[in-house]
Amino acid sequence: MRIVVQENPFDLGAEANAFASGRTDMGAIVTFSGVVRDDPAHPLRQMVIEHYPGMTEKALEKIAAEAQARWSLGDALVIHRFGPMQPGEMIMMVATAAPHRRDAFEAAEYLMDYLKSRAPFWKKEQGVEGDAWVAAKDEDEDALTRW
Amino acid sequence: MRIVVQENPFDLGAEANAFASGRTDMGAIVTFSGVVRDDPAHPLRQMVIEHYPGMTEKALEKIAAEAQARWSLGDALVIHRFGPMQPGEMIMMVATAAPHRRDAFEAAEYLMDYLKSRAPFWKKEQGVEGDAWVAAKDEDEDALTRW
Amino acid sequence: MIDILYFAWVRERIGLAREQVDTQAATVADLVAELRAREERYALAFSDLSALRVAVDQDLTDFDAPLAGAREVAFFPPMTGG
Amino acid sequence: MIDILYFAWVRERIGLAREQVDTQAATVADLVAELRAREERYALAFSDLSALRVAVDQDLTDFDAPLAGAREVAFFPPMTGG
């Protein structure tokens, strides 16, 4: 299990390959990556992510440990950036390895659902029309009820 | 949408990066990769995948088109190998890009569920104890009922 | 003339990957009955249809599917991709 | 003495990322009442607790959580990671 909180960009491909390589006991590898999205109707200059150093790592480790306890996971990876990033840049990724695909998929969705609402990150969108903190969505909170 | 059926290995990282790059309208990228699994209790020499040239591409295209019709997908990718491969080698991958994570996850699971039972591939395991065609699992057929 | 293709253990049991047959069979099931009557290895391969799948012109279908106009019929076990 | 941390718009509204306060507050809610009484910007930041989340010593908790032994309390809006 590897948890990384960093300001610098990461390379999805290199991370996915490193995560997947050298395993002969895990038949299924799932990755999710989140990308800064631009909205042509409200052009985005950049997104800035604030976080709570110390608590962030602790919260992510707890979420990943819970996923490992609930599913047959061989391994899990979480990388999450903070600081400024441009549209099209990767914000974060998770990866899961499991003997079977259902476990790998469910654990990745679980990691994403919890990371979204329980890890202390806050997104601010800086657009040409001004800055605004991204509001949490009810559907993200509701997503936790299925686990 | 890109569908590839090939004998040669592919590079998960390079494919994931190529798939994810240059998008500013898709917030969520999901990849799944399937790996040849070894079982220490019944050591595997190699896996050989047979397929039905022509129908394979047609079936995969139909499955991917159906996924694009059912979810808000920006793009989808399916790569599936045939021929001999060793434990630890990648058999196949799918990738989905969507504005939101739930669509990307569900479409990737849908692609996998259908690809598993509706695309004409057959796995043969060649072990130290002999060769055996992998039997289809009831749970893989049952997985289709949720869509 | 119809091309008949066999895959996986069906191919191994029959000992052929592909053959052409001259048939008037109206449905897949009729074609299977003709093949079964040919030789022991066909009878063996087609002994349990619930263990087989069939595609006509590269589309999955059922054993009661009509063969009118069909050029290619394939028999194989349930698929195991992914 | 307790370290109090503010994040996102709570930090912007209060104009501070972190401060130390000398408090005898028994619970988070008591601490919030003390802060609210200080200045308009605190009253404003804490006007709607349903829009806020709180962590005590880096664990998410509720506003009725006790503060006995706590070293660090953080206030912030609902999280928006991922």
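Letters are used for the chains, namely A, B, C and D, taken in the order the chains are written, and counting of residues starts over at 1 for each.
What we mean here is this: a contact is a pair of C-beta atoms (placed from the backbone, for glycine too) under 8 Å apart; a residue touches a chain by one contact, two chains touch by 3 or more.
If you're wondering where the values come from, they're calculated on a predicted model, not measured in any experiment.
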Inset, instruction - Report back the single chain whose CA centre is most distant from the CA centre of chain B. - result: D
Inset, instruction - With chain centres taken as the means of their Cα atoms, state the distance from chain A to chain B in Å. - result: 23
Legend entry - chain A-chain C separation of Cα centroids, rounded to whole Å: 48
Legend entry - Centroid distance [mean C-alpha coordinates] between chain C and chain B, Å: 26
Inset, instruction - Name the residues of chain B that each touch 2 or more other chains. - result: 34, 101, 112
Legend entry - Where chain D touches two or more other chains, by residue: 82
Legend entry - Chain pairs in mutual contact under the definition given at the outset: A-B, A-D, B-C
Legend entry - Of all residues in chain D, those that touch chain A in their complex: 5, 7-9, 11, 55, 58-60, 74, 76-82
Legend entry - Residues of chain A touching chain B in the complex: 11-17, 20, 22-38, 87-88, 90, 99, 101-102, 104-105, 108-109, 112, 143
Legend entry - Of all residues in chain A, those that touch chain D in their complex: 34, 49-52, 54-55, 58-59, 80, 91-92, 112, 115-124, 133-136, 141
